[in-house]
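What follows is a set of structures to go through.
Below, chain A partners chain B and then partners chain C, in two separate complexes.
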Partner chain A sequence: MTDNAKIRVLIAKPGLDGHERGARVIAYGLRDAGFEVIYTGLRQTPAQIASAAVQEDVDVIGLSILSGAHLALTKQLKEQLAARKGEDILLIVGGIIPENDIDTLKQMGVAGVFTAGTPVSQVADFIRQNLQKAA
Partner chain B sequence: MKEDKKKDRLCPHEEQYLEKVAKAREQWEEKLIAPRLKRFNLEKPNTSFYTPLDRAGSNFLENVGFPGLYPFTAGNSPLEFWKVHARLAAEMGFRPDWGGTRGVGKYGGFGTAGDYRDYLIRMHSMGRKGGPNIAFDLATQCGLDSDSEQALGEVGRVGVAIDCFQDFATIYEPYTGELEIDKVPSNFTINAPCCVIIAMYAVLAKKRGISPAALRGTPQNDILKEFIARGTYIYPPGPSLRLFRDSLVFLREKMPLLNVNSMGGYHIREAGATREQDLAFSMANAAAYLEAGVEAGLDVNDFAALFTFNAFGGSMEMYHEIAFQRAARRVYARMLKEQFGTTNPKAMIIRQPITAHIGCSSTTLQRPLNNWIRAAVGGIAAGMTGAIPGVFPPFDEPLGLGHSIEATQMQFDATRILLYETGITDVLDPWAGSYFMETLTDEIEAGALAEMDKINQMGGTVAAIESGYMQKAIAKSAYEKQKRIEARQDFVVGVNCFTSELELEVSINRDVEPTYDPALMATAEERQVESLKKMKASRDNKAVASLLNTLKAHAKDKDKNLMPDICDCVENHCTLQEICDVMREVFGEFKQAKL
Partner chain C sequence: MKVNDWDKLVSGVKAGDVRSLSRMITRVENRADGWKKAMQQLYSGTGRAKVVGITGSPGAGKSTLVNALASELSKRGKTVGIIAVDPSSPFSGGALLGDRLRMAEVAVNPDIFIRSMATRGALGGLCQGARDVARILDAFGKDIVLIETVGVGQDEIEVVKTADCVLVVCVPGQGDGIQALKAGIMEIADIYVVNKADRPGADEVVADIEGMLSIADQGKLDTAPVVKTSAATGEGVESLCNTLFERLVHARNKEQWLDKRVREEILSLVETQIMESLLCAWQESGALNKMVEAVLNKKADPYSLVDALLPDLSKEALNRQTAKATKTIIGPENS
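This part shows the complex of A and B:
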C-alpha cells in the first residue's frame, strides 16, 4: 500500500470536449486510493498534456474523451510524448469508446481502455499491476 | 407556522380526526411493524407509509392549485396541444422526429455547412421538413474557427462547423418557398458565441428581404450552466452575462417572436448534481438572466414569457422525479411572482418540451437492451407530470455510435404504448393530494431553496461559479454516487449485481442509419479550412479590420449593446473567431478554479 504514494497520475481532458464528470470522479477516486493525482482541467492540447506529464514526472496518463475524437487525439499525444522522451509513461483512456476502436487504441500503445460502468477500484488495480510489470 | 396551520384546517373536526389517525398509526406500528422488525432483526423498516398526519395543515389552493393556475404545481395547462391532437396524430401516423412547418426537425449537424445542407435536402425529399435544429461542432461552440490549432480533430465532428456568415447561409439554402425562414422555426444549440449566431440569423433575414421580426426559433443561450457543467465557455461569467443582456435586448426589440433562451439543469444533473443542486443551480441561473433583463430596463412580464427550458435532469427514482417536476414548477412560479413581481402567468411557467426522464447517465453499457425498460420508467414519470410520456433515450445511447433505427423505433413505440394504451395522461397531476407525493414535493423544494439561499449569500450564481463552489459541489456529488455504486449501497443491474455467467447477454440487430457519411466526416476539416482560407482572401479585409476595431472599442463600454456591431461584423464576413477574439481581448477568458 505504501508504494501507492509514489504513483503519480495525470488525468487529462484533451480537445474541446467539456464533459468532465468521468475525469473528476476518477481523479477523486484514485486520490482516495492513495495515488498522487494531477487533473489538467479542460481543453488541453496533446502537446500541453505531454509536456505536463514529463515535467511532473508522472507514471500514468489517463485521457478522458467523450467527443469521438479519441483516435486523433491519442495518436497526437503518443507523438508528443515520443518527442519528449515520455513514451514509457503508462497511457490509459476512458470515455465513450466504441468497441471497434478499443483494439486500434491498444495498437497505438494504450495499455488499457475503460468505458462507462468501470469501478475506479478496477482502474486502480490495473495501474498497480501494470506499473509492477514495467518495473 | 402553527397559526397558519390552524387557519388552513380542512374542516372544523380535523383536529379530532387527526388525533384518531395518530392513535391508529401508533397501534399499527406497535402491532404490525414492531413484531416484524424483531423477526427480521431490523432497527427500522426500509419502507414508509404516509397518512393525513404528514399533511396536517397543508393548503391545497396555495401549494398545489389547479393545472394552469399559480403556483402551477399541478401543471402548466389543463389541455396541451399534443393531448388534444393525440387521436389525430395516431390516425395519421405522425412522426415527431420529422418535424413539420410548425416545428423544428431532428437535432443534428455534421461536417461542413454544405455537407449538412445536403443532408437536410435529403431529409426534405423524404418529407421531413422541420426547421433547422442545429448542432454546432465544439470549435464553433468554443468560439474558434476551423483553422485554429485548438480545433484540430474537432471540425464537423459533434455538429456542423460555422466559421462565417457564408457557412450559416449555406445551411439555409434549401429553406425557401414553403420552408422560407419566416415560415419555419430554427433552434441553435450554442451558448458562448450565441450572439454571433443570432446576428447571423438576423443578417440572413435582411439579405432575403424578410423582417427579422418574422423569425421564430430558440437559441440555447444559457451560458451559465456551461461554467457549472459541459464546459463550452469562453469569457468569465460577468462579461458572459453582459452578452446575454445584449442578446436579450436585441431580441425583444428586433426579433420579438424568437425565444430568448433554453435553460435547464439537465447538463448540471448529468454532470453529477443531486436533484436539489440541479433545481437550485438552474433556478439561480434563471434569476441571473432575469436580473440582467430587469437591469436593462425591460419589463419582466414581457421578456420572461420568452424564456424557455430544455430540461432538468432525471434519474431512475421515479417518485422523486415526479415530485421534482412539481417542485420545480412551484419554485419557478413563486420566484417570478414574489421576487420579480411578475403578474403575467405566461412568464411564470417553465416552458419545456419534456418533463421527467431518467437522464442518459442512468443508462448502462452493460446489457444495453435493459435501457429500454429504464427509459420507459422515465416515460411513465413524464406521463404523470403533464407531458407526453416520452421514453428517452433510445436503449443504445451509451454505445456512442449514434442511435440505431431499431432503438429509435422501440423508443417511439414505447412512448406510443404509454400514450395510447394505458390512459396515463388522461388525468392531470394524478399525484395531486397524495400524502406521500405532496410531502416529497415539499422536501425537494425545501432542499433546493436552502441551496439557493446559500448561493444568494455567496453573492449569486456568478460568485458561486467564480469561486468554483458549484463545480466542486457537483463533482463531489458525482464521486459520492460512484462510491455508493462501488460499495453496492446503490444497485445497478448488470453493473454491480446480477453479473454472473448465469446471466444472458441479449442482443438484437442494430442498424445505424448512415445519417452522417463517414467519408465526408473524414475530409470535413480539410475542406472547411480550405473554404475559410478562400473566404478570407476574397473579402474586404480593410472593412473587417475597421469593424473589429469598432466592436473592440464598444466592448469596453459595458453600457453599449454589442449586437448591432456584431451584426455589422457578420455581414462583412468577419469570422466567428475574429469576433470572439476581439471580445477575448477585452473580457479575458474564464479560468476554472482548481478541483
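This part shows the complex of A and C:
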C-alpha cells in the first residue's frame, strides 16, 4: 500500500500588527520545501487559529508575531488548543522575539523560536527533524 | 496505523468528535493502510448529506461565495462541511492552501467544518479522494457539503461532477465571463452564479449566459437558472440559497444520474486498485525495471510486454472471478 502522507503546516498571524510579508515568505518557502501550507491571513484570534489547526489536522502551527504580544498570544493559543484536543500539535513561533522571552516561550510548550530573517530552509529542517522525533 | 486506531476514529466520527473527523480525513487522504476497511464501516451511515460543487475561474470569488453560502445555510439551521481544493505544486509536491483566508466569518462557527485539500496528483486522482472526504463529513452528520475547486483542470472538473448540484461561478470583466464557460464546464452547471454583481457588466454576463442557454436548451423546461450575487457583501446569497434548495429537490434525471455515479465510482476504485497492486508487486520484484531495460536494449517492445506482464485478463478468467464475487455479495441469481 502506498502511504502518501504530507507534512501539513498552518501559518497564522495572530494579533493586531498588519505586516504580512514575513508570514508569506515562510508560507511560500515551506510549500517549496514540499509541505502543504494552510494560510489564514492577518489578525487571527487564538480561537480561530486553534480551530483551523484542528480541522486541518496540521502537524505544525507556525505563528508569526511582530506586535510584541507573543507571550500572551502563545498562552491563549495553548489554552484554545487544549480545549480542542490539539495539544499535540508542534508549535513554532517566529518574528520579533526578544532573547529574554525565548526560554519563557519554550517553557510554555513552544518547540522552536525563529527570529526575523531566519532562512526558510532552516525552519523546514527543524520541522522535519522534530516530527520524526515525535513519530 | 494499527487496526484498532481506525476503529477509534470511525466511532469518533460517528459520535461527532471533531478531532476524530479531521484525523480520519488525513488518514484516508493519505491512503494509509486500512483506509478502505474504515470507509466500509462508515458507508452505511452515509447518503444523507447533499454535496454541492462550486467551480469557476481563478479569483471569481468562489471562496468568498462559499463563506457567504455556508453562513446563510447555517442561519437556516443546516450544518455544513466545506472542502476547499487547491493545486499542489508539480515541482515540490507542496501546496499553498489559501481558501480559508476568505472564510474567516464561518471559521469558528461550531456547525461548520472547513478542510483544505491539495490535488496531490496521486494515483486514483483527486476525484475519489474528495468523494471520500465528502462521505466522511456526511457520516459525521453534516447536512450539506460544499466543495470548491478551480474550474481549470480536468481533475477539478471531475470532482464537482460527482456533486448533487454544481454551481459555476462567472464574473464580469476581463473577458472571462462566458469565455471561461467554454472550456468544458458549461455543460456541468446546475446553477450559474454571476458573482461580483456590484461591478459593471454583470447584467451583460447574465444576458450572455441566458442567450447561450436558450440556444443550447431549446424547448427544455429545466434550463439552469442564472443568479446574480455579490459574495463580498452577501447580496443575492439568500436568493441563491433558495434556488439551490429547489435544485436539490428537483434534481434532473435523478435515477439515471445516480446509476451513473455509482458505476463511475466502482470503476474508478477498481482502476486505482489494479494499478496500485501491479505497481506494488512489480516494484518489489524488480519486474518493471527489468522490462524497461529489455525495451531499452531492444530485446522487447512495449506492446508485447503488455500481454506478457499482465495476469490472465481473458474474458473467461475475468467472468469466472466476477461470478464468484457477485454470488458471495448478492447471493445466487434466482432465475
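Here is the rule we go by: the second predicted complex is superposed on the first by the 130 of 135 C-alpha atoms of A that agree within 3 Å, B and C clash if a C-alpha of one lies under 4 Å from a C-alpha of the other, contacts with A are read in each partner's own complex, and residues count from 1 in each chain.
Simple rule for what comes next: a contact is a pair of C-beta atoms (placed from the backbone, for glycine too) under 8 Å apart; a residue touches a chain by one contact, two chains touch by 3 or more.
This one's a predicted model, so the numbers in the text were calculated from it and none came from an experiment.
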Joint occupancy of chain A by chain B and chain C, clash or fit: fit
Identify the partner contact of A:68: answer first if only chain B is touched, second if only chain C is, both if each is, neither if none is. first
If you stack the two complexes on chain A, which partner ends up touching A:55: first (chain B), second (chain C), both, or neither? second
In the overlay, answer first, second, both or neither for which of chain B and chain C A:83 touches. neither
Touching A:28, do we find chain B (first), chain C (second), both, or neither? both
Mind working out whether A:19 is in touch with chain B, chain C, both or neither, as first, second, both or neither? first
Looking at A:41, would you say it contacts chain B, chain C, both, or neither? Reply first, second, both or neither. both
Quick one: classify A:6 as touching chain B (first), chain C (second), both or neither. second
In whole Å, chain B and chain C in the superposition are separated at their closest C-alpha atoms by 5
Interface residues of chain A shared by chain B and chain C, listed 27-28, 39, 41, 45
Which part of chain B faces chain A closely enough to touch in the complex? 138-139, 141-142, 144, 149-154, 157-158, 226, 229-232, 270-272, 361, 364-366, 398-401, 475-476, 478-479, 482-483, 485-486, 492, 495-496, 592, 595
In their shared complex, chain A is touched by residues of chain C numbered 18-19, 22-23, 25-26, 29-33, 88-89, 91-98, 100-101, 104, 107-108, 113-116, 118, 120, 122-123, 276, 280
Any idea which chain A residues touch chain C in the complex? 1-6, 8, 27-28, 30-41, 44-45, 47-48, 51-52, 54-57, 84-86
Which bits of chain A are touching chain B when the two form their complex? 15-21, 24-25, 27-29, 39, 41-43, 45, 67-69, 72-73, 76, 96-99, 115-117, 119-121
